[in-house]
Amino acid sequence: MKDPIILTKHLSHTYQSKHAGPLQKAALIDINLEIARGSCVAIIGVTGSGKSTLVQHFNGLLRPTSGTVIVNGIDVNARKIDRAALRQRVGMLFQFPEAQLFERTVYADVAFGPRRMKLGRREIRTRVINALDMVGLPHKEFAPRSPFELSGGQKRRAALAGVLAMSPSVLVLDEPTVGLDAAGRSEFYAYLQRIQQEQGVTIVLVSHDMAEVAALADWLFVLHEGQLVMQGEPRHVFSESDALRQYGLATPPLSELLSLLRKAGMSISEEVFTLEEAFSALSAIKKVPGKGY
Amino acid sequence: MNQAPLIDIQQISFTYPGYKTSRGEVQPIPALRDVILSIQPGEYLALLGHNGSGKSTLARHCNALLTPDSGRVLVAGQDTSMRANQRAIRDMVGMIFQNPDNQIIATVVEDDIAWALTVRGMPAALIVERVADAMEAVGITHLRGLPPHKLSGGQRQRLAIAGVLALRPQCIIADEATSQLDPLSRQEIAALLQQLNREHGLAVIQVTHLLEEAALAKRIIVMEQGQIVMEGPPPVIFADPERLRQLKLAIPEPIELAARLRRVGFPLSPWALTVEAIARELVQ
Amino acid sequence: MFNSIPIGIYYPGKSLIHRLQARTKLLVMFWLVIFFILANHHFWHFVPYIIAAVLLFATIALAGISPLYLWQRMWLLVVFALIGIFPTILFYSASGTAPLRTLGPLLVSYGLLRQITAVYGVLLVICLPLFILPLPALQRTRQRGWFKFARFLLILLTIVAVGFLWITRSMPSSGNLPVGPIVITYDGVWLEITLFVVFLALFAFSLLLTMTTSPIALIEGLTKLLTPLRWLRLPVDDFALMTLISLRFIPTLFEEVELLVKAQTARGADLMHGSVRERLQSLAALFIPFIQATLRRAADLATALEARGYEVDGRQTFLHETSFRAADYLVLATVAVVTIGALLW
C-alpha cells in the first residue's frame, strides 16, 4: 500500500507488572497491518483479544514492547516525539464518551481540546462551530446549553465534536454506538460517514457490533488472543462464519442467513452480501424453478 | 384462558416530576397515558419501543418502583400503591437493569445472590440451598467465589438474574438488560430467559428496542409516547415494517428480506422470524 | 496502573486465626489499643511491650503467614517511623525529668551572621544576570523544573535574610544568638521507643486482621458488635450496607478512573504541565465526570436495592459470622489473662 496513514511492523506488547514476572501473557503478538488514508477500517475480536491495546498505540498512550508503529510518518517509539502533537493528530473516543462531558456549556466542553492546543480565540470559535454542525448539533441551538441536558445520543455526539474540534487526521472510536437505540445509531453512522467523506478523516472502529461494522467499514482486521488472524473486506471476512465462530465472533444476521443457505446447498455466490444482493439472488433462484438447489 | 392475570394494569397514567433546564423551565414529562394491559402467569411478553417511548416507565409500574398518578396496578390481586404490599410484590416480580455493574452490591458472587435473602432474615441453611439452585439455573456455579469486577458483562447479568431467582419470583422483568452487552452475550441472556420461561414457568417481560429480541416473545406490545400503539404476536407486528420504521425501530435484515420475499410470492410462514427459521423455510 | 496496590488484602486460609470469628479479632484489637494506653503510663516498665511482641509473633505463627510477607508490607512504615523518632526525641521536654544528655547552646555572634548575609547578597547580585538576560541558552535552562524550584528557594532565602537583618538591626555585632540547647531526657527516649513499638505493633496486628478475615465477615462482625447502638436509634444496618458497597466498588472505580484519565488525556487534559488555570481546568475535567458517574451509580443502586426489597428492620441473617466457638473463648481468655498479668507485674 502506498503511503498508509498507520503502519505497524512486528508490533508486540506485553503489559509490565511487578507481580507476574517472566510468565506474563502478551497482549499483542507480531501485528503487521496497514491502514489506508481516508478509509474506514474496523478492528473486531472478543473482549481480551487485544483490540483496545492495539489502538492505544496509535495515539501514543502505549508504547510497543517491540516492533514499530508509524502514524502519519511519525515513529511512535522515537525518543523526541511530541506526545501532545500525536494526540491531536489521532483523536480517540472511548466507550460511553458522554461520561467525559463536564463543562458548563456545550461550547466550552467542545472547546476544551482546542484550548489545550493554544489556538487563538477566533480559530477556536470556528473549530467549535464546525465540529458541532458536523455532528448534527447546530451550534446556534446547542452551544449555549448545558451538556447534562442533552439526550444520550446527543451527548455522545457532543463528545465526538469535542474530539473533532482538534482536527485529527485519524479518528479512533471504541464501541461508538453501544447503548444507543436504532435511531441514535443510524444518526451516528450518518455523521461518521459524513466526517470521513467531507474531511478526509481516517476512521478506525473498534467494535463488537457486526452489523455496524458491515455497514461502515471498508476493511476489517480480526484479532484473536493478541494476533491478527484475518483481514479483508467485510463481505469476504463474514463469509467465513465458521472461522469467525472459532474466534468467538458472530457474523451479521444476514451473513449468518446466507451462510446457512449455502450450507444447505443453495447456490448463492460468495459475493452476495447486502440485502439488495440477497434479494436479487434469491428471487432469481425462485424464478427459475427446478434450477436446482 | 380465564386465569386471573398476574399483573393487571388498569388504565394508568403517569408523569415524571419536572426538572429545571438551564433556562429555569420546569418540564413535566408525561410518560404514560391511559395504559391498559394484563399479563398472564407464565407469559413471555416484549415491551418494544424506541428510547423515551415509555416502556421502562411501564415496566417499573409492575414491581411498584413507580406508582401511577391515576388508575391502579394489581400484582396477584395486590395494589402496588400500598406500601404494606410492596415487599410481597417485589418478591413476586423481580427486575434486572441495563447497567450490569450498578445492580451488584456484594464483594463476592455468592454473597450477592444471597443478599436479598439475608435482608429478609431467612434461615442460613435455606439461603445456602436457594443460592445453589439459583447459580445452577443460570450456569454460574463455577464463578461462585469471584468478585464482580472479574466477570464479563454477560456473566454479571446472569448474576443479577440469579439474585432475582433466589427469591422464587413468578415474573422477571429485563429492563433493557442487554443493551450494553456484545451480540453474543445478548443471545446468551435471551436464551437463558427463554429457558427459564419454558422450564420454570416464569413470566418474562423483556423491555427492549431490538426487534430480534422481541421476536422471541409470544406477545409484543409496541409503545410510543406513553401509549400502546400495537399489540399482538410477532408475525402480526412484523407484517408492517413501514409502521415500525415510523416508530423509529430498526428491522433486522433477515426479517426484512423474508418480508420482501414473501411479497413476491415466496411461501414463507409469517412465524419465521429467526435466522434459523427463515433459512429452514427457504430451503424447502 | 492501579492494579498493584498491595494493602492488607484477605488471603483465604485454614489457620486457627482464620477460623476465629471476626468479632473475636475485633475485640482483641480494641482491647490491645486500651492495653497500650494503660501500659504507657507506667514508665520504664518493659514487660507489657515484651508481652505484646510475643503475642504478635504467636499470631503470625498461628495465622500461617510468612513473616517476610508481613515485612514487605511494613518496611516502608518502619523507615518513616524511624525518621520520625529523631525530631521528637530531640525536642521532647517535660519539666522535672532527668536529662540524659544536653547538647549545649551554640552561640553564634551577630557579626558573623551579618558577614554571611553580606556574602550571600554579593553572590546573588553576581548571579542576577542568569535570571534576567534573554540569551536562548539561558532561557532554556530557565524552563527546567529544577531551576524554578531553585529560584523559589532563593527568593525565600532572600526574604529570610532581609527579615533577619531588619529584626536584628539594633543588636550589637558582638552579641550572641543562642541556638539550642537541645536536651535529651531519659523519659523522652523511653516515650519514643515505646511509641515506635506501639505504632508498629498495632499496624502489624491490623494487617493480620485484614489478611485473615474476609471483608464481609468483618462487616458482619462489626454489625453484630454494634447491635446495642441500634437501640439508640443509630443506623447500624445501613452502615453495614454502605461499607459493603464501598468495598465492592473499589476495583470498579479504579477501572473507571483509569478510563476517564485516558479519555481526558486524549483531549489534552494535563495535570503536570501548563499554567495554574489550565491545570485546574484539567482537574475539573477529571473530577466533575467522576462525581457525575458516582451520582448516577448511586441512583441506579438505590433503585436496584428497592427492587430487591431492601427494608431496614434489623432481621438480617448473617452467613459468615455465626457464633462463638471454643477457640474464640480460648483466645479471648488467653489474651485477657496475659495482658492484664503484664500490666500488673
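Note that the chains are named A, B and C in the order they appear, and that numbering of residues resets to 1 at the start of each chain.
FYI, a residue touches a chain if its C-beta (ideal position, glycine included) is under 8 Å from a C-beta of that chain, and two chains touch if they have at least 3 such contacts.
In this text the structure is predicted, and so the values were computed from the model without any measurement.
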Touching both chain A and chain B (chains): C
Comparison of B-C and A-C by number of C-beta pairs in contact, larger one: B-C
Euclidean distance of C-alpha centroids - chain A vs chain B, Å: 31
Between chain B and chain C, centroid-to-centroid distance (C-alpha), Å: 49
Centre distance in Å when chain A and chain C are each reduced to the mean of their C-alpha atoms: 45
Complex contacts: residues of chain B adjacent to chain C: 63, 65, 86-87, 90-91, 94-95, 97, 99, 101-108, 111, 114-124, 127-128, 147-149, 163-164, 167
Contact footprint of chain C on chain A as seen in their complex: 17-19, 56, 59, 61, 84, 87-88, 91-95, 97, 99-102, 112-113, 115-117, 148, 162-163, 166
Contacting residues of chain B [partner chain A, same complex]: 21-22, 50-52, 98, 152, 179-180, 182-184, 187, 209, 212, 248-250, 252-254, 256-257, 260-261, 264-266, 275-276, 278-279, 282-283
Contact footprint of chain A on chain C as seen in their complex: 3-4, 259-260, 262-270, 274, 278, 281, 284-285, 287-289, 292-293
List of chain C residues in touch with chain B within their complex: 215-216, 241, 244-245, 247-248, 251-252, 255, 296-297, 300-301, 303-311, 315-319, 322
